[in-house]
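You will see chain A twice below: alongside chain B first, and alongside chain C after that.
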Partner chain A sequence: MRILDIQAIEDIAIGAAVMGTGGGGDPYVGKLMAIQAIEEFGPIKLLDADEIPEDALVVPTAMMGAPTVLVEKVPNGEEVIGSFDALKEYLGKKVFATMPIEAGGVNSMIPLALAARLGLPVIDSDGMGRAFPELQMVTFHLHNVSATPMMLSDEKGNSLLLNTINNVWTERLARNATVEMGGSVMLAIYPMSGRQVKESGIHGIITLTEKIGRAIREAKEHHQEPISTVLSVVGGFELFRGKVVSISRKTDGGFVRGESKFEGVEQYKGHTLTLNFQNENLVAQTETEILATAPDLIAVLDQETALPITTEGLRYGARGVVIGIPCNDQWRTAKGIATAGPRYFGYDLDYIPVEERIKRNGKGGRE
Partner chain B sequence: MAYRIGIDVGGTNTDAVVLDDQLRPIAKIKTPTTEDVTTGIDRAMAEVLSQITIKRSEIKYAMLGTTHATNAIVERKRLNQVAAIRIGLPATSAIKPLTGWPQDLKQAIGNMQFLVHGGFEFDGREIAPLDEEALRSIAREVKGKTNSVAITSVFAPVSNAHELRAAEIMREELGDIPISLSHEIGSIGLLERENATVLNAALVDVAKITAQSFVDALKREGVSANVYFGQNDGTLMSVDYAIRYPILTVACGPTNSIRGASYLAKNQNALVVDVGGTTTDVGVLVNGFPRESSIAVEIGGVRTNFRMPDLISIGLGGGSLVRFTDKGATVGPDSVGYQITQKARVFGGDILTATDVVTALGKANIGDPQKVQDLDQEQLNSAYEKIMTMTEDVIDKMKTSADPIPVIFVGGGSVILPDELQGASHILRPEHYEVANAIGSAIAQVSGQIERVFSIDELGREGAIALAKEMAIQEATKAGADPKTIEIVEIDDVPLAYLPGNATKIRVKAAGNLML
Partner chain C sequence: MRILDIQAIEDIAIGAAVMGTGGGGDPYVGKLMAIQAIEEFGPIKLLDADEIPEDALVVPTAMMGAPTVLVEKVPNGEEVIGSFDALKEYLGKKVFATMPIEAGGVNSMIPLALAARLGLPVIDSDGMGRAFPELQMVTFHLHNVSATPMMLSDEKGNSLLLNTINNVWTERLARNATVEMGGSVMLAIYPMSGRQVKESGIHGIITLTEKIGRAIREAKEHHQEPISTVLSVVGGFELFRGKVVSISRKTDGGFVRGESKFEGVEQYKGHTLTLNFQNENLVAQTETEILATAPDLIAVLDQETALPITTEGLRYGARGVVIGIPCNDQWRTAKGIATAGPRYFGYDLDYIPVEERIKRNGKGGRE
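Coming up: the complex of A and B.
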């Protein structure tokens, strides 16, 4: 067990934006929610997964909907409280702790803000090890944990208990309800026993995001080169360095899809990198080679500060370093690749781990 | 003849120009900016007018770009006592108004924040009915303590109805009090828009006094002109509007210099390199306007979502200190600044500056070239190299493609830059380059802008953009633009993730010449 203070929240927010791999929503609003909650209710207890009793009830929390709505219609922070009470009644058990399902982007912060407010501990685990666009794209799903019973709640006091036959239905029904409830709702989802968390979670992820954020902050304070520090913290690879020369986006089925092109600088001069994204970055390729695909993480960092640049924040002329980070091994199973591999997102590509691609391509990629 | 006078107050200099009806400069002056700003403006105006013999009554327009508002925020002085009201309950209370503000600034504006029920969803439905009774009781509470009100409602860019009604109620309760409404100030992003609205409310007295003293100074010089203020986007607003929306003036300086450069060089698409005494600002000119930054901008420690010109500043200017180390020459970032005319070698001082280097190399003729004859040629060359690579690097950073593009040099310090640079197709050094910012202020157009969420499924993309364009043109006409000259200068559409109906945020800006 350790305590997360306001500095920890600041660091986690930056690390979470890196793990957001271009999407996941700006953690800024979530960060302010968590800070205000700590100021009002005190710091947050962070537990390792192995500190949870086997039969304890753990209920992860998250926001669902459009990040653009979240930055305008800020939550009141109490949305989930009623949901926890309802789940307690439904499952006949008290909620022991909460945790993120998605450690990348704004959803890294929602459970922290709630935990401070309710005095509940947070588990240092999530179900993605990054950000993904759909509810079933979690390692819990790979272990056949059901997303339901789940609660959706809005700031007006409406809440909805969902029970579904599978997680694809959960995604479909929840998405529609979200729109009706105003485009951004809070979820209490994937209720699990302590044992299930230990089996299916990605562990140590909050600590990892905190380390990333701290590395970026300290590199700035000490005037050090931040990119290589980040790469060594996450065990990642530099894929490309360049300047954004074009970017196109469109909404399609509720998601922002598009691509951005980077023109190489330094040792990448003369090459172009294309990033395909659907909220998150999914495929990085040059004219001749695939460099990385989902479920591995592809992030764009500002060349000077190493601060992450989201697909929404990408603009002409931005100078970025594109990095690839190996995803958690659970994503590299057949079911993991079927759930969040390139073919699921509509790319006719085999998933090959980023470190193997680097070896095969024989260039780029210093670790 | 209808003449116009343009004044730009910068950190170091206050510049003034007079233009004739063909917008040709007929008089110009650079004077040091004074601590109270106003004295510097008076002096610049008096000096520029003394250069010409035209009848004062023929000066029909006066344009001022000023740092008054920025200074007031940075110094935490002369600010209004603001009642900051957010309409959004039961949403939004997880982050209270003025979260993240520096404590001293919060205190300086009276530290009064309120939340009431109301506001809208992204599609225009009400989150909750507006709580009018709560507004009336806030009014009773702040009566006598506040002299300016800021009202921000959730999704005000989609529907402004609750903000307008709340303003009515506050006027009924508090009488004639300045009220700042968020939908007139910022775009989507509640906290940033609210911050900007509260800052605006804090500046209304500063704006009123500045405007009044500018008008009075003109009167003293016998000029009775229509008075305009420059705003962040390079267009003008009337005095009445500037008094209501002073926050829109805080970044007009860099914009003016980029617009002035465009006008002087007769070029609509180029890089603009503005070299002062201490820093060089590089901006990008797109269709005659500065490219805007997409990053959240902080003003006095407060995060806002203003669109500011996208600039990179480096510590290179006419007064930059030059040193020689075993690793080669260094230039800047420290500078003798406005003391260049005493401290630089060519002016008899003992500090080696960038200006001394170019003079010694015979590339410029400033001060007394004899005073720098003793310098080592090799060292001078290495310093000059350094100036070139610093400039080339920053130009490369701002470019959007590998193709060389035109580069315009303006600002008094631009004499230190060479006539050829990598990445530049050609270099333009327009006449009057040293007062480009004041000229930018004088030639500014008037604009109108709209930004809101449209449903593409309902209107089609073309239909939605056409509607947005029409609304922007109406705004520009309202602001005083000649309808015959209005053009759409910017269209930006961002699809919103996870929303149905292909909801898309469209922003359109239209600008035209001042209706004469």
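Coming up: the complex of A and C.
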């Protein structure tokens, strides 16, 4: 057990934007919620998964919706409490702790804001080790944990309790309701026993995102070259450096889909990189090579500061370094690849781990 | 209290098709469910509203969806029990009885099938005194009864529990989920106290639909002219007689919208009648006159048998008598007209009671 203070929240928010791989929503809004909650209610207890009793009830919390909308509709902390309390009451059991379903983006912060307000501990685990656009894209799902009973609520006071036959139906019905309710809602989802969290979670992930954020902050303070610092913390690879020459985005069916193009600089001069995204970056490719695909992480960092740039934050002419980070091994199983690999997202590509692609392509990718 | 046997169900189903005013789904499917349930579990107790204890819990049950889909997706009685039991459990109270929210169409039969299976009584009241296409179009709504907590479930095993800030949001979110779930679902909705049922219901409605059905059956047995028999039972008016010359239908957003045209015969020769519908018939007009509008009832009866013809059942060349029936007085209040009058459905027409229109138009409309 350790305590998360405001500096920790600041660092986690930066790290979470890296893990957000372009999507997941800008953690800034969530960070403000979490910091305000800590200032009002005191710091947050962070527990390791192995500190949870086997039969304790853990209820993850999250926001659902297209990041564009998340940015426009600033939530108040009460919303999270609404769906959380409603599910708790429905389950009729004491809740031991909350946790994120995704460590990337704004959903890294929602459980922290809730935990501070309710004086609940947060588990240092998630179900992605990154951000993903759909509710079944969690390692809990790979271990056959049901997303339901799940509570979904909007800021107007409408709420839905879902019980579904599988997690794909949960995604389908919840996505639909989210669009109808105005584009973003609060979730209490994947209620789990301590044992299930231990078996199916990705552990130490909040600590890792904090390390990333701290490394970026300290690199600036100590005038170090920040990109390589980040790469060494995450075990990632540089894929490309370039200037943004085009961005196209479309919010549609509760997702933001599109692509951004980078014109190479330095050793990448003469090449163009395209990033395809559905909320998160899914495929990074040049005119000749696939450099990385989901479920591996593809992030864009500011070349000077290594601060992550979300898809929403990309501006024409911005200079970015595109990096690839190997995903958690749970995503590299057959079910993991079927759930969140390139073919699920409609790309006719086999999943090849980013580190192998780097070797094959035989260039770029200095670690 | 009285007992409904299979003959009663047969008669109610016919009467419910008249009250369905073209929509509400063909009660035939529901009738089979109800008769099968009675054969398996015995007859059904029908209670008058004044036999309900003030504080008893009454949970109405219904099907939701476009009639076209209802016909294609034959339900099994278990579905109704699913959402009913789930809501009962959520409310944590003993349920005294069920009842229809609409006496017209298939929803006249769903509560009967449920009641027989569970050995529950049915209240001889509904919330429409007819059929209407949207969930807030009930006299319960006119008396500020909330549609939620409401349970919605599909035949696959998915279920939603809704809690909404008002009944228009209930309609919006439930309609949306219904479309996503395949076009028709089962509801347990408008949970009410005995007092609320007494205050807000339309009473004696199942008995009235049974009378209509019996009158049609007996007119045939005794070779009487059946149309005038029906008109006298319901206090209705003949609006038109003609042959179907065109029908256009579109299933869209969970509704069936369209219009049917009748070429006049006998004293209506040389005139054309148009019926506009959204599931139910909403406006009956000739090229020169409005004959009737919602919330009054507009039904089409077979000229020979007086058997009601639903919008789905209308065939080119069929000979029908179009009748108008004054709606319950609760619909003739300001809130009633705002909720289910012609302007709500997008017609730039004032609501004028059918009996007044008859006088003004000064023709047709023999009672």
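The definition used in the following text is that the second predicted complex is superposed on the first by the 341 of 367 C-alpha atoms of A that agree within 3 Å, B and C clash if a C-alpha of one lies under 4 Å from a C-alpha of the other, contacts with A are read in each partner's own complex, and residues count from 1 in each chain.
Everything that follows uses one rule, which is that a contact is a pair of C-beta atoms (placed from the backbone, for glycine too) under 8 Å apart; a residue touches a chain by one contact, two chains touch by 3 or more.
All values reported here derive from a predicted model rather than from experimental measurement.
In the superposition on chain A, contact of A:Asn279 is made with chain B only, not with chain C. When the shared chain is aligned, chain C comes close enough to touch A:Trp169, but chain B does not. After overlaying the two complexes on the shared chain, residue contacts for A:Gly264 are found with neither chain B nor chain C.
When both complexes are overlaid on chain A, the residue A:Gly182 reaches chain B alone and has no touch with chain C.
Touch criterion met: A:Ser159 reaches chain C, while chain B stays clear of it. Here chain B and chain C are compared by how many residues of chain A each touches, and B touches more. Touching of chain A by both chain B and chain C, each in its own complex, is seen for residues 156-157. Only residues 23, 29, 32-33, 35-37, 64-69, 71-78, 113, 155-157, 175, 178-179, 182-183, 243, 245, 249-251, 254-256, 263, 279, 312-313, 315-317, 319 of chain A touch chain B when the two sit together in their complex.
Within the complex, the chain C residues that touch chain A are 86, 90, 156-165, 169, 172-173, 176-177, 180-181. Residues of chain B that touch chain A in their complex: 88-96, 99-100, 119, 121-123, 125, 127-128, 154-155, 188-191, 284, 294-295, 310, 397-402, 456, 494-500, 502-505.
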